[in-house]
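In order of appearance the chains are A, B, C, D and E, and numbering begins at 1 in each one.
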């Protein structure tokens, strides 16, 4: 069974058809890229999958279950996590607390435990904090864990977004322009990071990105959107040669 | 039927006074997202200044004008001393709100001192001769006509200023993005001060009309009308001038019709229940645009 | 020399973002400022256009000290700034945005300038009465540029104009920048896309944690090993 | 961990004993004792709002209404069934639960609203509740309606107030320092992001709101049995502002700040009587307002910023720098 | 269970706290006959000196101070020290300041407070601490008696209890004005107006009159157009407006706006220079006294008041003036600062000559005194109509 299936998904905003008959099947362990011009509907795909708004038409199916009408937090608890194109960290919270907060659904104790500080509370708190710290270590953020998230440099904030997404223990990770605002060398590091994390956490990844270096390097196959419609699918090599994609998106010279 | 219509006119009188207060609120809110709780007290100052003018025999339009100018200055001074320092420090929005509460308390308490207006209730003299007409079987008084006409004129002028003038465009720009507005060469502080001036001048006019309709003034007179008018602005969709007008008229009708046909005891309860119900259906008010937040 | 920045220090609360940045821009140049995230590039531009108040240091524009001049007056002196993230006015139409760009311009030049902007960005003309919030990312970037050009600035500060844009648009935008410069606008360009930036710039500064660590002609820096390693993605680094 | 808790507890007990005996000995006079009691009651209610607004970010301008619900319900029980200690405790519990329940019921629909809209809706709710208090004599003559409710037994003592305050602060602290608390704070920081990151935002908004309203109710119950007279005007919407300004003045997201500000604001009002003397008594309101404005301008982040007093870690953690953006 | 420390006043007896905290050297020893001019007694005034009913508090304070000044700050052998405290019109603050005066400042007698909502809890504190207290103006029944009808022995008032005025007004309306139907407006949040309104209704109906409209409003209301429109349609013969001058002025104007040009009748709350004399010209109200009354108490008060303050006294000033004089007289009679004796002296007063007439107290601490009916004149004076004895 596929991990995720979008069946003829459309999303309209008033008269605007941001997404039309979008079809996508993600098998477990895949790493797929979603590209296309600005305003093509890429982020809309993520929003529909994560339940920010339901699709106008069609079905989103996660592990065989239709999730059209689930709330975002329920979908996340079912194993889908994402990052945001415009970073949305909990700015006034520390780096560590950003990660700890989203672990809440599996904290394993109830309100009463936290009020009276039962041993179970103490144990779980310790375990969760350790887990969070390990995750931050993994993302090169450990030494900044007591800083406020909002005061981190941009690149670190992007990494923290990924760390926070991972803390929800997702099966499917959605990355929205993770390399935006990074310079090529940082992008290189990011590529490695995504690879390793995917391995370690046994993830399926769908990512949106405009930096072709990253996309071509990382993705096994690509889906190209334009005006809400899929105009091409295929391996990076096929896409790079697709005249329609060149015309709509890449331009004359494909990124170096 | 005639009586119902007469009650509706009563409601319009109340609603239009609220409207004038509400647009002042909504302007300031629109531009710096501040619920300027001191606005109600500016109304009071406007009413008092007009009052002092009237008892000295100054013609009423002049007296109101003097009140408007005084309050415009007051608004600018409040902005300069209390809110701008916070803005320049990049303080959180709530700090400005608390400061506004402080300013409101200050104006009320200071005005109550003998060296200022004093704490007494004063009878507001009639500005225009009392007259009553029968329009299609509905009794309409000269004061009601004065209120409705002046509010309509002032709101129309305001709408023109905001949407048809350069400074209006600057105001809208500042309200959307202060830094970007600066980069257009807009003097943001000046635009905000201007907004306060206009809003406060309208408050003064509203104070004078409020006192004309309910002829008594005292230092705490602004609290309830201020609150109701702000609520009206929210009801209509805060930031929107037509919204403020609509909300205020509805609020006036809700109060008056409840008082007339249910009981006076519940008029505030009904008015606020209406607000809550409207917000549940339209979280950004009747004419406000909420739009699902883009992620 | 059109712009001279000396020993600029800027802090956000307790966080010091710039520790003494000095740089110069000559008339007619494209100068680019590159550096990692959080190096202080945007902060430098914001200080120049008066959005951030420096703790110390001086900024001179055409010989005049503008360090403590408020932002709106700096704009009037001829510095245009296209800020990070475009920052168009979302609820205003394209035309209204452009009108605001000319807020302090002489009214008689308005139509000429508007025509010029529309000529350069025909796409904006097509969308003249559309709200800015409904534009695509690339169109918004064009609008932000066009808005700054309405004043015919002598110096244009550009903060990451290519961010988040599709590759095709990136090329287009860089083309526009080069052309603007050819027509006489001096440009200070901040970019993550160092390769592109260096390819159109005359000179460049490299910023690291609030300090200038390298500077020189763009071509030289392009081949500088440290720059290659840190900003151009090296050649074959394998972690 | 354990040792620290025992130490904290010992310190609290010591504080209690010291104040208790200072009051017994008359060093703290009856009057200042009363003010202290009032300050602690205010603290209890303010901690409630701190949870709702300071931590969960839900802008409530209706706190006084919940305080009033607790006061009226508690007072009704002791007045109707006699002021025995048992009835007093039952009254406090009933008042707390009633406020929490009403908070829950009203929160369910209106917590969907955002920021200022929520504020105005809760304020409106407060106005409605006051109208109900005004007409409460139609429910039971004992409640007095708009004439006020008399004859409430005076049972609240320093001991009650102190330990209730300790309980409330302790509960709030424990909540905040748990995963549940982090979830609440994440809602304050970015509700949409929290939702998308798997946090049931509705649940945590409701949790903070219900708990916070309950705390207001507890404070109200204690108030009723300390002042022995209730009047609907005690719960006028302007009283909600008093609590709000305490929470903001203390620093959003700082329990320490809330406690310090609550005590400070109550004492300031009384101390001004001494400072101004007989002659300038009528300047009291003016000076108070000025103090508020000046404090806010000098410390827009609040007295404590986000700082929290802590025995476990006596180092100062001050996560707030300059805030990101202006008032826009 | 928890033996906490003192709630306001529970454990502080009358003498104990003052002997430790008061600076007065002679605070104990009731009739000890030591140095006569040295004995000091502190009298406290509690009134809203800030806040939205400040104007009432200020008037009261004027009356208080005038009384003390006329007495040369003396009460018998005692030198009187005045302490004033602000309650902001808020019951919490009222209790705070009362507790402070009693347990800290060593006040032995309290004048105040002004509004019933504050005076009720203040009275509880005074009574528990056995400190005699007289309010000039708080009219609610609950000020001097508890819920269960039992008396708070230390609490008195100088004003009518509400029912009396209502009865007088109703009789006047039926007999002198000859009306048959009346509309009544009252502030349901103000016990004073409720009391007057209800007693008026009872008496008016008992006398064969008919109440055609029974309308309440709240303290914050200023818009009466809706109710007045309704009432005008009912065409009542008269309006009964038992509220204070500020509300009455608004109500009267709203009535005239709606074409209701009928006689209006009110209570002592009308007595103020800020009344809208023009609109209310020719209408009547029940009052405590008439400035034209040749009685020396009245003449002295009116003359001295105008001399000291340059304005005419209103009913707040007059009543608080009376309250203060009653207290001074009681201290003189008691000749001691033993608060229980002072209390007894007040209770035992017979025919004390006050501005509001000859005063004695009934078993509930309310004065037994006559009411005067006055007519409002457009030239800002009142015409004496008649006096009605209880």
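The definition used in the following text is that a residue touches a chain if its C-beta (ideal position, glycine included) is under 8 Å from a C-beta of that chain, and two chains touch if they have at least 3 such contacts.
Keep in mind that what you see is a predicted model, and the values were worked out from it rather than measured.
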Shared interface partners, meaning chains that touch chain A and chain B: C, D
Intersection of the contact lists for chain D and chain E: B
Selected pair, greater C-beta contact count between B-C and A-C: A-C
Reference chain C; chain at largest CA-centroid distance: E
Relative to chain A, chain with the most remote C-alpha centre: E
Chain centre separation in whole Å, for chain D relative to chain A (CA means): 41
Distance from chain D to chain B - Cα centre to Cα centre, in angstrom: 31
Computed distance of Cα centres, chain D from chain C, in Å: 50
Intercentroid distance (Cα basis), chain E paired with chain B, Å: 37
Chain E: positions in contact with at least two other chains: 50-51, 54, 188, 218
For chain B, residues contacting two or more additional chains: 108-109, 112, 177, 223, 265, 268, 295
Where chain C touches two or more other chains, by residue: 15
Chain D-facing residues of chain E, complex: 1-12, 17, 20-21, 49-51, 54, 83-86, 88, 90-93, 95-97, 99-100, 103-104, 116-117, 120-121, 124, 140, 142, 146-148, 188-191, 194, 218
Of chain A, residues touching chain C in the complex: 36-39, 85, 151-156, 177, 180-189, 192, 210, 212-213, 248-256
Chain D partner contacts - residues on chain A that touch it in the complex: 50-52, 71-73, 76-77, 81-82, 84, 88-94, 97-98, 100-105, 107, 109, 111, 113-117, 121-122, 125, 128, 146-148, 150-151, 164-165, 168
Chain A partner contacts - residues on chain C that touch it in the complex: 15, 34, 36-38, 135-139, 160, 163-172, 192-195, 229-234, 237, 239
Complex interface listing, chain E residues touching chain B: 50-52, 54-55, 58, 188, 215-218, 220-223, 225-227, 229-230, 233, 245-246, 249-250, 253-254, 257-259, 274-276, 278
